[in-house]
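By letter and in written order, the chains are A, B and C; residue numbering begins at 1 in each of them.
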Amino acid sequence: MNLKLVAVAIAVVALVVLPYVITEPYYVNIASQILLYAVFALGLNILVGYGGLVSLGHAGLSGVAAYGVAYLLAAGYGHTVAIAGGLAAGLIVTAGFAALSLRASGISFIMITLALGEIVWGLAYRWISITNGDNGITVNSRPAPFGQPLTSAVSFYNATLIVFLLAIAGCAVFVNSPFGAALAGTRDQPRRMNALGFHVWMIRFWAFMLSGLLSAVSGVLFVYYNQFISPQALALTASAEGLLMVISGGAATLLGPVVGAALVVIVKNVVSAYISRWNFMLGAIFVAIVVFMPEGLVPGTVRLVRAAWRSAHRNRSGRPAAAPIAEPKP
Amino acid sequence: MSFWLLLTVNSITFGGLLFLLSAGFSLIFGLMRIPNLTHGSMFMVGAYLGTSFLSGALGFTLNFWAAAILGALEVAVLGALMERLLLRRLAGQQLAQVLVTLGVSFMVADLCLMGWGGDPISVATPEGLGGFVRAGSAVFPLYRMAVIGIAVVFAIALWLMLERTRLGAMIRAGVDDPQMARVVGIRVSQLFTIVFGLGAGLAGFAGMIGGPILSVYPGLDQDMLPLALVVVILGGTGSLLGSFVGSIIVGFIYNFGQALLPELAYFVLFLPMVLVLVLRPQGLFGGQVL
Amino acid sequence: MSALAVQNLCKSFGGLRVTTNVNLAVESGERRLIIGPNGAGKTTLFNLITGEIAPDSGAVLLFDRDVTRTASRKRTHLGMARTYQIITLFPRDTILHNVTLALLGLSPLRWNPWLTLQRQHDVLERAREALKRVGLDHMAERSLAETSYGEKRRVEIAMALAQEPRVLLLDEPFAGLSIDERRDVRELLKAIPRDVTVVMIEHDMDTALDLADRITLLHFGEVVVEGTRAEVVADPRTREVYLGE
């Protein structure tokens, strides 16, 4: 237990000092991107990993929030109103998604969320009077919370880091709560949970809302980071990339989505400088992980490390090492 | 008046094209219980390959039809290989299979970008079909009528295959009850490979047929896949009649939607799909709930 | 007032009549055994009683309260608990967590997203108590996947009893158990206090027979014979159902 706390403390410290150690703004910006996509992936994972409901429409949710912010700013409102409006829009659309898609599960759920995401994308693309269509909406300024401007790469990183830490702490609390346990139960045995007295639909609905809230938050960060929003950010490929982050890192873990986000962002930005076909790589990595390491990088690596440790101990003492106790719940 | 008539003909044409695209998707979905997210990619690859054959990639130029057929065959082989090498390893894990098709679609899209570049490629109408047909004051492009004809021919051919051949009987058995089909001795895993290849090939063929109308460009796969999805959800998975009717319906909604309500075009297109999924998940004709 | 009553219950799937005019009245504290050959509709009857499927006609009453249209999760809150023929527990979790979930199902705590479950000592203690009652508290931290089939059955019974039900429905509790495991479960069931009404479906007559006060024999979805143990065993129709046809 203490080892875990120490590891977390070290990680937090590392993240805090990062922009002062890696001073190149390009890399600090990459770090900001990783963190904001990590928030998105954490949100998606609440539904996918803990709820067992795979959504291919979540980019629509973050996109609505992003468009909400951009639209309100362009209409002349201040940042506070814009952010509140963006989050509210994201939550309202999330409730709509949930109400429609939670009548199904499994493959049907994937298809309904895909269709809903396409509807939102189509509206962003075609409702030119509101969204400016393919030209997108530009955001001219970033907010200055408590008087601190966020124009520099480092300042924006720090703001994003705070949001990320709050998000992951919130997720940690949620996952370890009774409601989190109930959600995981509905993933594994929905029929049994119903028989035990749980309201399966309502549990899934609130998990969806939490997931939508995190997606909306990441959408707000996204639009301020890029200072621009266009329909491309809500396309099916964007939702698919989010899913890629969750699956590749490891669904139903807290670290998994973060690792997955880092993987995807690094491949897209850094690797693409050296290898021009990053989409191909992304797809190939995804396929490889689904086929060979379906539990994702985080649990998969843990499994490999354990197996290596066990065989090392076996070699040393000549006796088989004790079998591991149940996988610790993250 | 002739505006509406032309819109109607275009809708039926587009419906025909969608049928060629979706019939395979529907069969794959009905038999293997997964939405094949590479289907749009297969459509696009068939079109790209066709354009290469047309312009002499093999050392000699092929005519339109030969290019379409050869492209379709190549795509069919690619589809069969994907099923054999990737999907079969994940037999029984539908979610994983869907994710694999998603990943492969990313890979294929990028490979096409590598192979054919980022500019749209227009496809010339095949010889003899470049003219127009007159009906009173209305003028219809001959090729569009031909597409309707091709779709009908394929619909009949597929129907005959499903109803009259042994392969078709096995496919229908697999769609209705895969467990039972295995028990009766049908080699279901081999069937999967054949149907996946067939579906991919049909999509590839459709891509080339659609070439003179849509041309070929990066992102064509992302444009066509959702349409196939809507058709199959409306019409019912595993149902040929459903694909046919669904394709016509979507053809109309798509064209009329674009013309009359351009701002809400996608809303109008996907809303019926969402409603069907929510209210009648087995589609208008399909018997099998997703 | 009966603890559990079923009146003229009917259910068809497609053209198949699975439950035909079933009437049942189980008194408070009674041990009722439901028997019948395969396909007699026993599990369907259970599903109708718990509300997992809705009847075509008829009524289900719990302590004289009409629950026919009540959602199945609400029936659990009203005091109905059940076990399943096939083990449907949570293999990824410890057996303690499995029982904890059963306790949470009836607790308002299940909606709480900010407290830490592992610090809710009162709930965890009650879960341990429930495991002690079935003799499994020494392996509370073991993952369910690493327990034997017999142990899983006992966990399931612990979960059902932890919910302090007024009516307990057991669907083939002895299925798949070895002779020793059967004996353990039989002792467990015998030890259930009489303020719990027990209705049990069972195939294995040797083990179940002396647990029952009254027996109902189902065949093709209809009640064929009903009465005390002696009456049902002696009735010629019983032999007909099992040996004839």
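Following the convention adopted for this analysis, a contact is a pair of C-beta atoms (placed from the backbone, for glycine too) under 8 Å apart; a residue touches a chain by one contact, two chains touch by 3 or more.
Nothing here was measured: the structure is a model prediction, and the numbers come from that model.
What topology does the chain touch graph have (line, ring, star, complete, other)?
Contact pattern: an open line, chains touching in sequence.
Tell me which of A-B and A-C has more C-beta pairs in contact.
Higher contact count goes to A-B.
As a quick test, compute the distance in whole Å between the mean CA positions of subunit B and subunit C.
50
With chain centres defined as C-alpha means, what is the inter-centre distance between subunit A and subunit B in Å?
33
Averaged over CA atoms, how far is the centre of subunit A from the centre of subunit C? Could you give it in whole Å?
42
So in the complex, which bits of subunit A are touching subunit C?
173-174, 176-182, 185, 188-189, 191-200, 206, 210, 325-327, 329
For subunit A, which residues count as touching subunit B in their complex?
Where subunit A meets subunit B, its residues are 54, 100, 103-104, 106-108, 110-112, 114-116, 118-119, 121-123, 125-129, 235-237, 240, 243-244, 247, 277-280, 282-284, 286-287, 290-291, 294.
Write out the stretch or stretches of subunit B touching subunit A in their complex.
Touching subunit A from subunit B are residues 33-35, 86, 89-90, 94-96, 98-100, 102-111, 113-114, 222, 225-226, 229-230, 233, 262-267, 269-271, 273-274, 277-278, 281, 290.
Which part of subunit C faces subunit A closely enough to touch in the complex?
50, 52, 72-73, 76-77, 82, 84, 88-94, 97, 100-102, 104-107, 109-118, 120, 141-143, 145-146, 159, 163
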